[in-house]
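What follows is a set of structures to go through.
Each of the next two complexes has subunit A plus one other chain: subunit B in the first, subunit C in the second.
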Partner chain A sequence: MSKERIKISPDLYDIMPSDYQDLVQSATYGKEDRGWKDIGTSKELIEQHSLCAGCPESMAFRYILASLPNPEDTVMVGSTGCTSLVFPMVAVHNIHSLFGNQNAIASGLKRALSVRFPDRVKDVVVLAGDGATVDIGLDMTLQAWFRQEKFTTICFDNELYANTGGQESGLMQKGFVAKMAPVGKLFDKVRLPEIARESGCHYVVNCTVSKPSLVEKVIRNSVLIAREIGPTYIQLYTPCILEIGKNSMEGLQEMRDSEKPTERFAYKEYISEPAKQLLAELAAKDKERKAAAKQLAGKA
Partner chain B sequence: MAEIKSHIGTQNKKGQTYTDAWKMMNEAPRNPSFYTGSEVIKEALRRASCDVMIAYPITPQSEAAALIGELFAEGYIGDYFRGESEFAVMSQCAGAAFGGARVFTTTAGPGTMRAMENFPMWAGARLPIQMIVTCRGINSPLSIQPDTIEISYLLNTGMLVWHAETAQDFFDWILKGFMVSEEPEVHLPLALCCDGFFVTHTKDVVNLTPADMCLPPYDPYRSPVPCMDMECPPVRMMRDPFIMKSNYISYATHASWQQEIWAAVERSRKHTIKWINGLIETENTDAEVVIVASGTAVSQGREAIRLLEDEGVRCGLVKVKSLRPWPGEEIREATKNARHIFVPEFNVTGWLAKEIKATIPNSERVHAGPHVCGGMTMPPEIIVSEIKTALGLRSESLAGRGS
Partner chain C sequence: MTQYRVLPGPEHFLPPAAASMGIYLPNPGEAHINGVIVPEEKAYEEAARQFLMAQVPTIFPGPLVLWAWNEKAAKKAAAVRKLYDILKECVQPGQKPMLIPMPDYRPKYPKINPEVEINPNHPNLTIWHNKIDCCMFIGVHCHQANLSLKIIRGGTSCYTVAMCAQAGHEDAMLSFRDASVEKILKLGEWIRKLKGTVKPRLTTAKTSASN
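Presenting the complex of A and B:
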């Protein structure tokens, strides 16, 4: 998409909603070095949302949308859950269809876009909760990876079914007492990051969203690797403060506590050999570009 | 947005000429060919300018789905792959259609049932996907034999539903189906059904359009809803998501959208009538006895009528081609002279007879039967016997049916 396409006819300008006017004036579509630092100085690609006050998922959404390398040509796929309350307010095309079929939708979508736009980049990014990714949709999650579909899968892991009121999920910790786990969950948290690696993902990261710069790097890498090489998987801890009995201001601390070296969201990363090579090439190009810019600035 | 232009007269990469669909289907010369139903599906797809086909094995559609794979290998289809289950395949079809592709798939029996959650979603999202349903049994114990009960589950999904009798219907309706489905005021999925094995695995002479002509490509920017390709402004879709909201605006929004889907089914009526030459076909509807049927039950009905004529009983015929949109008015008119209406069906519940009873006055005229199911054939003699018994005529006893 060219930014030209979202411009408003001058005759209709004053009747357009102010959030759309802002989008045209100061959104970062097409900005080469876009990232989380644009937050506060530009129009974000997420408008107001209806998540709970202090929900870490809302932070995750903002960082991810600020970090997409190519939002003007990115289509996102969601699933049912808390994320589906946010997507209607997101200024990139996004699809909600059923619960758990997000990686199947993305497979068809990516292929259609490749057929229709063979000479252009069109990124596809899946963003769904842990119930959708690991429980009801696991088959389609894995099969998309086996087929080496070229899109990114992001899982918001809050370790339970939040939107239906806190039921047990496959990514819940063993022993946690929840609805539908009345005596505590009886089996271990499913090790999807390891399964992702074995299933053919070229870039796998398990972390929290406590550090926006880290989220930015991970999201950017995952989209660029998926575009060129094959599937990537990002599992982000976005605790449901409501269901684990925390207050609105305690989400960030919960994430910091859970990412300590011995905890379950300690930063873990896997990069395949071809993906490492790509990242090295991209880093070299980036360095070259920055040096050229510096030289140009020096001359000026 | 990609430039909208006419492709008519230009060539695709296989050297086929994009041809005005009406001219291609109604004026171009036809070439008689001796093919199985599965091969006919392949030949229709060769001419369909299809962007994405997604396949999954299930009898009796596996052969057709694999043959379309050969078309992909030859370069006639944009992309093709085997999905992991029918539920996934129908979601993959949805993803491709959301992305602006002309999408085709095939399924049957338990596969149709497994995928069912997708179909109201397809209709609600206004995705003009075409799905071939080669009907077979869905019951336990396992059966792979012909049985049309799965059609009844499709009738309330918001999809268009047509029921082909012959391989010729199939060839023509696949191509014409895209034209009806993709009308901006329709823009709904089509379930194009046939009776498995009877149509898919038998050979018939089918008149094909020239292989060097194909349909114009699908234009996703004629869709009544935005194509998800980031080629049009990504406006915020709604101020609050309607899901989870228990208020009048939420209810009203969902209610009006459901009504809009069914209004779109209704608006497909005139296009369906134009393209497949009416929702029904009739013969001798001035007779007191009329058979109303769909699919291969129509062929068996024709044979029964011939046998009855030999015995001096005159009988009319109504072939129901489209089930959604439902030809209520046409069936009322075609049966107005009938004192007895027989509805032979290849399923145990008699869903077509129920639809007809709900449509016509004096519905006690409807004899819901004969029924066969579980893969049984329907010899015309069974239909003859049913009719003669109802008319109080002496009927030869048939094996297994008592006297």
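Presenting the complex of A and C:
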């Protein structure tokens, strides 16, 4: 989809619901330096959502959608879970896949898009819960990485199956008791970021979504590296406040507490050598572009 | 076995696809009314009559005309607007024509605003809310139109018309095929022609979509 084609027919403009008019007028499709700072001054690519009030997944969605470098030419692939209830409200092309199949679907999609649009950059971004990524979909997740498929996998890690009422997941902490896992988890949280690195991912980050600027940087890097080099993996702590017994306002503090240096969501990053090189090149180009723009503004 | 007919509902929760009940699509130059193939001319007359009879005759333009994908789409949109203006000009006091968009097909949760839009996954909400008793789909991709038309037939008593740009819809009560700017405007002409000759269903309780 080219953003030039997103125009409302003039004769029916007035009857279009205002959210569509706003999307056409003030969303940041096509804006080069789009990012979390656009939130509040432009139309966001997410409308209302049906997550629990205060669910950190909603913050994560907002920051991610604000940070995608190329939303008009991005297809997101989702899977069943709390996240899937949000996608109908997202103004980026998206596909809902059968639970766990998201990385297989994304592999085929990415390949088909490169055949169909050889001259266009098309990004594919998977966004799924920990159950979909690490348990039922682990085969598809890993196989896509082994094959070096060029797309980003984002996991919303809330450390359990939230949408079905709180069952144990591979990313749950050892000993944790959930509503539908009363015995307590008997083994450790699966170390998927390390597995991702060993499986061929070129950029791996494990963090929370407490800082929008950090989410922006991570999402941008992960998409740009996946586009040029190979698979990337981002694991974001989006605590299920409902399951851990927190109030709507407490999600942010929960993330801050869990990202302290000794905690399980302390910022961790791995970048492969080719990815480092690419990021350095992109940063240099960016610097050049900004300097040129500054010069131009100075002349004007 | 009696022949199935595509009639206003409420039929039941999951009405069958009309195609599976032996209803087939018209050939070029034809249309269907209730599943019976008729010459296109007859369908214009009947659609105009249904519009003029309805308490809340409504046009639902879909994404293929709401969005200006190309010049043709924008022209069709202009024709839809014209048709709506004609309808407003031809109805009698008490009738309330509406033009409600179906901007896309996302199964929007948690809710839509039925006053300003219709969604193919729960079209009944918009029909119930506005008490729509006759509607026309135009510019809706076929698979979404069929889904939606079936839901309407299942849960409401609304009369459905499809102005389809392809081969028509079995699941509408009346369907044109090969829709074009000319055909949309021709329906407008028929509405003008029948103006004042059709008695609107204004007073019977049943008109407000017996939901």
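Going forward, the second predicted complex is superposed on the first by the 298 of 300 C-alpha atoms of A that agree within 3 Å, B and C clash if a C-alpha of one lies under 4 Å from a C-alpha of the other, contacts with A are read in each partner's own complex, and residues count from 1 in each chain.
The rule we apply is simple: a contact is a pair of C-beta atoms (placed from the backbone, for glycine too) under 8 Å apart; a residue touches a chain by one contact, two chains touch by 3 or more.
Note that the structure is predicted; figures quoted are calculated from it, not measured.
Taking subunit B and subunit C in turn and counting the residues of subunit A each one touches, the greater count comes from B.
Using the contact criterion defined above for the overlaid structures, shared-chain residue A:272 touches neither subunit B nor subunit C, since it reaches no partner. Shared-chain residue A:222: touches no atom of subunit B or subunit C. In the superposition on chain A, A:20 contacts both subunit B and subunit C.
Of the two partner chains placed by superposition, A:158 touches none, neither subunit B nor subunit C. Once the two complexes are laid over each other on the shared chain, residue contacts for A:11 go to subunit C alone; subunit B is not touched. Overlap of the subunit B and subunit C interfaces on subunit A: residues 5-6, 17, 20, 47, 50, 85, 88-89. Subunit A makes touch with subunit C in their complex at residues 5-12, 15-17, 20, 47-48, 50, 85, 88-89. By the touch criterion stated above, subunit B contacts subunit A in their complex at residues 1-2, 51-52, 54, 78-79, 81, 83-85, 87-89, 91-101, 103, 117-118, 121, 125, 226, 228-238, 240-241, 243-244. Those residues of subunit A lying in contact with subunit B across their complex are 1, 5-6, 17, 19-20, 47, 50, 72-75, 77, 80, 84-85, 87-95, 97-98, 101, 104-117, 122, 139-140, 143, 147, 163.
Against subunit A, in their complex, subunit C makes its touches with residues 61, 65-69, 73-74, 76-78, 80-81, 99-101, 103, 106-110, 113, 116-117.
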